[in-house]
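In what follows, subunit A forms one complex with subunit B and a second complex with subunit C.
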Partner chain A sequence: MSSTMISSHIPDLDLITSYAQREGTFFSRVSPWTKFTGLFLVVLLITLTRNLVICGVLYLIILGVYASAGLPVKKLFAWYTLPVLFVISLVGIMVWTEPGTPLFSWDLGLVTLTLTDNGVILIFTLLLKALISVTYSLFFLMTTRYQHFSAMIYRIFPAPLDQIFLLAYRFLFLTLSMTGAIFKAVRSRGGGIIRSIRVQGRIFAEVFALVFIRSFDRAERVHQAMIARGYNGKYEAGTVIPKPGFSGIFLMSAFACAIAIIVLGMPNPGGFF
Partner chain B sequence: MAHIHLEDGSFSLFFALVWWTAAIVLVGIAVWLMRSEKKPDRRRITLAAFCTAAAFAIFQVSLPFFGGVHINLTPLIGILAGPAAGSLVVLIINILSAAIGHGGWGLIGANTVINIVEVFVGFTCFHLLKSTIPDLFSRAGIATLAGLFCGNIVMILIIIISGVQGVNQSTGQILTGLSLIAAVNMGVAVIEAFITGLVVAYIGKVRPDLLGIERS
Partner chain C sequence: MTIIRRDPHAPHCPPIDKMRDLIHVDCASHTYPDGSVGIHDMCFYVLKEEIVALCGPNGSGKSTLLEHLNGLLTPSQGDVWVNGRSITHGERSDLWKDVGVVFQRSDDQLFAPTVLDDVMFGPLNLGLSHDDAEAAAMSALEGVGAADLVQKLPNYLSGGQKRLVSIAGVLAMKPKIMVLDEPTSDLDPLHSERVERLILRFKREYGISVVIATHDLDLAARIADRVCLVKNGSVFAEGTPAEVFYNPVLIEEAGLALPQTVRIYLDYCKAQGREPGQQPIRREELIRALQSSPSLKSDR
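Presenting the complex of A and B:
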C-alpha cells in the first residue's frame, strides 16, 4: 500500500503510474491512440450487446491481455470491489421484480419479492460489462506513460479545460499523498475510533477542510513558482505521441468490423435505443 | 453527491450519446464563459486544478457511517470554484473516476449533467441566502442539501428517461426502486450537508478570502 493510497479497494494511482512508466511490456510500445481507440470500441461493444456469452468471451480476452502484459491480477480482483458493489447496489434493487421464470420468492408481508431467471441474467450481464470496462481502463492506464496521457489531454480538450485537467493530473499525486498523511495522523491519535456521528462528522469535516485549505495554499505557491519560471497561463504538454502503426490500425479495424458483424448479425441486438 | 452507480452498457447507445451531448453543451458554455472574461484569471485555473485534485482525493475516503459512504462535495466545489470552473472540475472528476471503475465511460455525460446541477444549485443558494442567513455553517448546509436534492431528482429523471438495458419493469416499478436509492442518497446528503457546513465554517475562519469574505 503506497503513501497515496487511502482505501485498499480503490486502484492505487502510484502503482498504476509505476507500471506505466516502467514500460516493461510489449503493450507499452503500442501507440496510446490505438489503445484509446480500443477503449472506445470496447465501450461501444458492451453498450450495443446484451448477450451474456459475448460479454463473457470479451472479458476473458481482455483479462488475458491484462495478465499477459504482466500487470497485477490479484490487485485487479481487489479493485473490482467498487464496480461490483455499485452494480449490485443499483441493479440489485431492480432485479427482484424482473419478468421471467421465478427462481424463488421472498414474502415481506406487504410485498412479495420474486427473483427470476431474467433477473439473474441481467445482474450477471451488467457485472460482466462493468468488469470488462474496468479491466480495459486499468490496462490502458498501466501501459501508457504519464507524458503520453498529458499530451493526449492537451490535444483532446479545449482551453481552459485542458489546463485544469493537466494541472489537476499533476497535483493529484501530491494531494492524495497529503490526504493519506492527514488520515494516518488522525488514526494514530485515535481518530479512527467511532464515537458519535457528530464527533466523527467534525473530525472528517476538519480533515476535508484541511485538505482543501492546504491544496489552495499549495496552489498559490505553485502558481507563484510557475509565474517565476515564465508561466503565461498556458501549460503545454508537447510530448510527441507515437502514431498508430500499421498493425495497430489493422487490429482496430478488425475489431470494429467484428463489432459490426456481431451486432448486425444478431437477431435482436438491441442497445441502440 | 448523486452519481449514477452504473457501468458501461447500462444505458443504450442513443441515451449515452444524448447525455454526453447535454454534458458537452453545458461544459461548452462554461468554457465559453471562462474564455470570454476580459481579464483571464490565471490563478483561478490553478485553484480549480487543486480543487479537482482535493475533491477527487476526498471522494476516495470511505466515511464510517451506515457501513461506509463516500461524498464528493460537489456543492462545495460550486461554492469555492464557482459554477463555470466547477462544471469543468466535475467533468474531470468523472473522467478520472471512470478510469478507476467508479461509473462507466458511457455514463460520464449523465453524471456530469447531474453534478453540474448540484454545483450550480449549491453555488446559487449559497450566494442568494447571503443576506438572509449570514451564518456560514447553516448557509452552506442548506445550499448543499438543496444542490443534492436537485441532483437526486435529475438522477432519477435521467434513469427513468433512459431506462437500464435489460430491465423490463414498468416505470412505476423502476420509480419504486429508485425512490429507495434516492432516500438513501438523501440520508447521505444530510451527512454531506453537515460536513460541507463545517468545512465552509472552518474555511471561513482560517481562509475567508477563499469564500470572497474580507478578513476582519
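Presenting the complex of A and C:
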C-alpha cells in the first residue's frame, strides 16, 4: 500500500503513475494516440452492442492485453469493487422490469418482483461493459506516460478545462498524500478503532474539513508560486506526443472495421445473444 | 561596517540610492486582511552581487518581507523599490522578471507534469520560444546539477531533488535577484551543502544578488555578506556576520541561538580564561583561530 492509498479498493494513483512511467514494455512504446483511439472504439462498441458473448470476448481480450502489459491483475480485481457496486446498485432497480422467461418471483404484498432470464443477462452484460471500460481505461493510464497524457488533454480539451486537468494532477497527489498523512496521524493515536458510528463520523468529518482547508491554503500558495514565475492564466504543455506508427494505424483501422462488421452484420446486434 | 541598530518604534530608513540599491524597502508595513501585522516600519536594502541573510525566529515577518520583493504583496504603508522602480506606486506586473523567488516548500512550486516542463514554465512566460525555453531550462538544470532529473515527475523526487529543481526553475529565468525562503530547511546535510554552494555560485558566476530568509544562523554565517536580524516584523539590527554573531546580547534579543562556530570559539576562550581575540565565522576560520591559540601552540 503506497503512502497515498486510502483503500485497496480505490485505484492507487501513485501506483498507476509509477507503472505509466515505465518504458520497458511493448505497450508503453505504442503511441498514446493509438491507445486513445482504442479506448474510443472500445467505448463505441460497448455502447452499440448488448450482446453478452461479444462483451465477454471483448472483456477477455482486454484483460489479456492488460495482463500481458505486465500490469497487476490482482489489484485490478480489487479495484473492480467500486464499478461492480455501482452497476449492481443501478441494475438492482432495472432488473425486475426486464421482460422474459420468469426465473424467480418475490411477493412483497403490494408488488411482486420477478426476475427473468433477460434480467440476469442484463446484469452480466452491464457488469462486463463496466469492467471493459474500467480495465481498458486503467490499461491506457498505466501504459501512457503522464507527460504524454497531460499533453493530450491540453490538445483535446478546450480552455479552461485543459488548464484544470493539467493543474489538477499535482494537486491531486498532494491532496491524497495530505489525506493519507492525516489518517496516519489519526490512527497513530488510536483514532482508527471503530467505537461508534457517531464518533467515526465525526472523525471523518473533521479530517474532511481539515483536508479542505489545507487544500485551499495549498492552492493559494501554488498559485502564488506560479505568479512569481510570470503565470498569466495560461499554462502550455510542451511535451511532444509520439505519433502513431503504421502498425498502430492498421490495428485500429482493423478494429474499427471489425466493429462495423459486428454491428451492421449481425441479425440482431442490439439483442442479448 | 559596524552594527546598525534600528528602533522599530522610531524608524528612520536611509534614502534610496538608485545607483547602489537593487532593492530598497522604505519603512514598509503590511497588515493582512485579518488584521495581523506581517511587517511594520521595515527598512531593508540589497546591493548588487550581495548575499543578505534575513535572520529571525518563526513568525518574525521574514517570509512576508520576501513576498514584497517579488510583488506578491504590496505594502499597506511605506514603499518598496526594486531595480529603481517603486512597486507600491508603479507597475509591478513584470517584477517577477527581475526577482526570482524560491519558496520554502518545493511542493508549492513544482506543479508541472515533468521536471523539464516545470523549469520551462518561467522561460516560456518570459516569451521565449519553445526551443529557447528548453535550452534555458536544460542549462539551469545543469547549473544546479540536476540534468539527470529532466524527464522525472516531481512527485517522485526526493526533498533535496525537489529543492534543486525549484532553484533551477527560477535560475532558468536569469533573474537579477534571487530570493530563497529557508533554502536548506528539511534537507539532508549533503543537499544542504549543495544548495549552499549554489547560492555562492549565483553571486560569483552569475552576478546575482541573493536574499535568504533563515533561522539557521550557521548557514547565514557561512555564506552571507550581511546579516539583518528580524523581530516582530521589523529589521532591528544589521551588520557583517562577524559583527552580528559575536554579539550574544543581540542574538538573544532576536530569539535565536549563536552559530556553532561562534559558540565553540567563545566556549573555548572561556575555558582558556581569555578574551576572544578573533571573530571566526566559517569553519576554516575557526580552525585557524584555534591553531593560532597560544595554549594550543604551547601544548605542541
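Things worth noting here:
In this section, the second predicted complex is superposed on the first by the 252 of 273 C-alpha atoms of A that agree within 3 Å, B and C clash if a C-alpha of one lies under 4 Å from a C-alpha of the other, contacts with A are read in each partner's own complex, and residues count from 1 in each chain.
Everything that follows uses one rule, which is that a contact is a pair of C-beta atoms (placed from the backbone, for glycine too) under 8 Å apart; a residue touches a chain by one contact, two chains touch by 3 or more.
Being a predicted model, the structure only gives us computed values, none of them experimental.
After superposition onto subunit A, the modelled positions of subunit B and subunit C are compatible, with room for both. Once the two complexes are laid over each other on the shared chain, residue contacts for A:Val222 go to subunit B and to subunit C alike. Look at A:Thr239: by the touch rule set out above, it reaches subunit C but stays clear of subunit B.
Of the two partner chains, subunit B and subunit C are each touched by A:Leu167.
In the superposed pair of complexes, A:Asn51 makes contact with neither subunit B nor subunit C.
Angle at subunit A (Cα centre) between the Cα centres of subunit B and subunit C in the superposed arrangement: 80°, in steps of 10. Contacts of A:Arg202 after superposition on the shared chain: subunit B is touched, whereas subunit C is not.
Once the two complexes are laid over each other on the shared chain, residue contacts for A:Trp79 go to subunit B alone; subunit C is not touched. In the superposition on chain A, contact of A:Gly230 is made with subunit C only, not with subunit B. In the superposed pair of complexes, A:Gln21 makes contact with subunit C only, with no contact to subunit B. Comparing subunit B with subunit C, more residues of subunit A are touched by B. Closest C-alpha contact of subunit B with subunit C, superposed model: 5 Å. Taken together, the two structures place residues 166-167, 170-171, 174, 218, 222, 226-227, 231 of subunit A in contact with subunit B in one case and with subunit C in the other. Interface residues of subunit A facing subunit C in the complex, by the touch rule stated above, are 14, 17-18, 21, 146-147, 149-150, 166-167, 169-171, 173-174, 218, 221-222, 224-232, 235-239. By the touch criterion given at the top, residues 6-7, 10-11, 13, 39, 43-44, 46-50, 55, 79-80, 82-83, 86-87, 89-91, 93-94, 97-99, 118, 121-122, 125-126, 129-130, 132-134, 137-138, 141, 158-161, 163-168, 170-172, 174-176, 178-179, 183, 192, 194, 197, 200-202, 204-206, 208-209, 211-213, 215-220, 222-223, 226-227, 231, 233, 270-273 of subunit A touch subunit B in their complex. Chain contact summary for the complex, subunit C toward subunit A: residues 67, 70, 72, 94, 96-97, 100-101, 103, 105, 107-114, 116-117, 120-122, 124-126, 130, 133-134, 151, 153-156, 169-170, 173. Of all residues in subunit B, only 4-16, 27, 31, 34-35, 40, 42-43, 45-54, 56-58, 60-65, 73, 76, 80, 85, 88-89, 91-92, 95-96, 98-106, 164-169, 173-174, 177, 180-181, 191, 194-195, 197-199, 202-203, 206-207, 210 touch subunit A in the complex they form.
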